[in-house]
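Scrolling down, you'll hit the structures one after another.
Common to both upcoming complexes is subunit A, partnered first by subunit B, then by subunit C.
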Partner chain A sequence: MKIEIMNLSKKYGSLYALQNVNLTLGQGRIVGLLGPNGSGKTTLIKLLNGLIQPTQGQILMDGQKPGVYSKSKISYLPDKTYLNSQMTVEQLVDLFGDFYADFNFSKADDLLKRLNIPVQQKLKTLSKGTQEKVQLALVMSREAEAYILDEPIGGVDPVGRDYILQTIISQYNRNATVIISTHLISDVENVLDDVIMIKNGGIFLYDSVENIREREGKSIDEMFKEVMRWY
Partner chain B sequence: MVLKLIKHEFKYLGRYLLLIWAGMILMIVSQRLLTELRESQNTIWQLVSGTAFGLLFFTLAAMFLVTFGAIVMRFYQNMFSGEGYLTFTLPVKASQIVFSKLFTGAVFMLVPLLIAGLVLVSYIRAPETWYLLYSGFIEFMAESDLPIYVLVIWGLSIVLAPVLQLLEFYTAMSLGQLANRNKIIFSIIAYIGIYVAKQFLGVIIWLSLLMGNYVEKIEMYPFQVVKYASIIGFVTTISLIVINWLIVNYLCKNKLNLE
Partner chain C sequence: MWQMDSNRPIYIQLVERIIKEIIAGKYQPGEKMPTVRELAEIARVNPNTMQKAFSQLEQKGMLYTDRTVGRYVTQDQAKIREKGKQLARQLGEKFLADMRALGLTEDEIMEVLKTLMSGDKA
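== the complex of A and B ==
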């Protein structure tokens, strides 16, 4: 899926959460959307998913504005619990399977088993960590053209982070674009192809990990810390 | 897709409401049976019967309120709270989502209406009463010369009244979600605004009727006035449903604000 972002701005009151963002993302890349807390990562992701509306500019996905088409192609993991906690995991699997034509039941079954998730239990009876695993399993069980994952390792311990990243890397559709938003750069650095660095609502770097390392002679994490110091 | 949305709405609301309804229906049946004690000579039984009658009315009203509250809460939670992240990333149109919720809500609102109707009917047991009602109705229709479509309008108005009420709440919540904070408070303020606007519209309609010698005409042609008042009321309801529907769809499609 080709994602084009043109002159995109989002304002809350008098404050710009995003200002004049221009980006074009191609398919088959794992892109890290990196930035400190409050930099505008989640705002950009919500705009991509049509959950909020831009103040200015537009987003096109395969030439179309966010809508039914893009929603059928994008698998989105928000940074919060978004599933109905009264439903059992089984019912949630049915719900995803009902609406997403690209939902792979056998993949979901396999993932849920591997993650030791009791599928007949209601979501509200599971721990917060397990609920997050359920969300991840459902999102990664789609054969989507783009995966947009907002802080998938945000509230997880270091062992859990590796586990989640491995799940993402092993399950995503190889032709898809994967956008992983995070401020925990050292954890994701090794799985990324490209990096978008965002600060105060503006993009200040978009390049491949390889180019950045070669040019700067340091890791993405080191470079990120250094650059952020000057902002 | 809209059928799938309706299926999931029915499943969710059904799971939630069936248990509550079962308890309430049990209460209604027992209260209804206790009201039969009114013909007893014993003062205590008569007192029990009177209390049961009051409780029966209260339980029926509670059934309406609980059902309505559950439908409205489901709308808010599923659309504008955390669950909205899933609802609005399903590959369906916003109008399909709103329609599925409105349709399911309207069907569920028919249940307490049906129960209230059954309770009412249960009081008319003697065949003579049914005959009296029937002959009275035939006489009324002959005397009033009201066309059959007025009866259809009355029937439809009973069904459409809760639909409009639901849509007004949906509109209020769709307006309330535009605020970045305190969305529920803004929804309540929006509902008050809608209510005031509706009352104002009602006053305008009645004032214009009064200015057209409505009172005089009531005395001269009472049934004709009933007919036209029914038509005006029905057209107003339909218009308000359409207006609210358009507002909710516009806001959910173009002004969604899941902050």
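== the complex of A and C ==
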């Protein structure tokens, strides 16, 4: 999915959460959205998902504004769970299958097996990390054209993180755009194509990770810490 | 997961690692390589980065593509041996430079090597 963001601003009261953002995200790229708390990451993600409306500017997804079309093509992992914790994992799989035309049941079965999820248990009986894995497995089981993942590895232990990254690498389709918002940069930087560094509501840097390493001779993690400290 | 140094471009490290594995015989001459996706998943790196590494390995003549079937290790064994010698020379040069930087003479360096190698056998 081609995502174009033009002159985008979002104001809450008199405060700009995002100010005059311009970005074009290409197909088949895995993009890291990096920024400290309060930088505008979540605002941008909400705008992409059509959950809030911009104050100025617009977003086009394959030429269309966020709406029915984009929602049917974007698989979104919010940073907070929205699933009914009384339901078993199997029931959640069925729910997703009913809800999304692009849901792939065999992919879901395979992923849940690989992640060792006890599918007959209710969500609320699983650990926080396991619940996050379930949510990610459901989101990645859609044959979507964009995946927007808000902090997908935040609450998961290092082994779980490794599984989740493997899942993302193996499951996204070649033409899909993947956006991963995170503050755990060192854990994810090797799976990214590009990074967007965002600060105080503006885009500070948007470049390929390999360009940054070549030019700066340092990791994305280090670069990010420097940028946030000095600018 | 492969150990990577995040301070250097990842594709360069992938190229280096795969060349070493071909030299060491993990991938045999003429053997079919895993797909980009498979190897990216094993290494936990971005598939486009692995694709770039594969393209570089093709340019260097270490891999070749058969359009319909997949990607293979070169069958040119002389080339693999030559690459192995080249790499060994580089490692040797680095070792020598480090030893000389410590102020060791040729004889002393030989002594260090002999001791190490006899230690290895014991």
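Criterion: the second predicted complex is superposed on the first by the 231 of 231 C-alpha atoms of A that agree within 3 Å, B and C clash if a C-alpha of one lies under 4 Å from a C-alpha of the other, contacts with A are read in each partner's own complex, and residues count from 1 in each chain.
The working rule: a residue touches a chain if its C-beta (ideal position, glycine included) is under 8 Å from a C-beta of that chain, and two chains touch if they have at least 3 such contacts.
Treat the numbers as computed from the prediction; the structure is a model and nothing was measured.
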Return fit or clash for subunit B versus subunit C, each positioned on subunit A through the superposition.
fit
In the overlaid three-chain picture, which partner chain does A:Lys46 touch, first (subunit B) or second (subunit C), both, or neither?
first
In the combined three-chain arrangement, what's the angle at subunit A toward subunit B and subunit C (CA centres, steps of 10°)?
160
Touching A:Thr81, do we find subunit B (first), subunit C (second), both, or neither?
first
Touch check for A:Phe99: first (subunit B), second (subunit C), both, or neither?
first
I'd like to know which partner A:Ile169 touches here: subunit B for first, subunit C for second, both or neither.
second
Check whether A:Leu8 is in contact with subunit B, with subunit C, with both or with neither, and answer first, second, both or neither.
neither
Quick one: classify A:Val89 as touching subunit B (first), subunit C (second), both or neither.
neither
Using the touch definition from the top, say if A:Lys71 reaches subunit B (first), subunit C (second), both or neither.
first
Least C-alpha distance (whole Å) that remains between subunit C and subunit B when both complexes are overlaid
27
In the superposed arrangement, what residues of subunit A touch both subunit B and subunit C?
none
Which part of subunit B faces subunit A closely enough to touch in the complex?
1, 4, 7-8, 12, 15-16, 78, 82-86, 88-93, 180, 254-259
Quick one: in the complex, what on subunit A touches subunit C?
28-30, 162, 165-166, 169-170, 186, 189-193, 209-210, 213-214, 217-222
The answer for subunit C against subunit A in the complex is residues 1, 4, 6-11, 37, 40-41, 44-49, 52
Interfacial residue positions of subunit A with respect to subunit B in the complex
12-13, 46, 49-53, 68-69, 71-72, 74, 76, 78, 80-84, 86-87, 95, 98-101
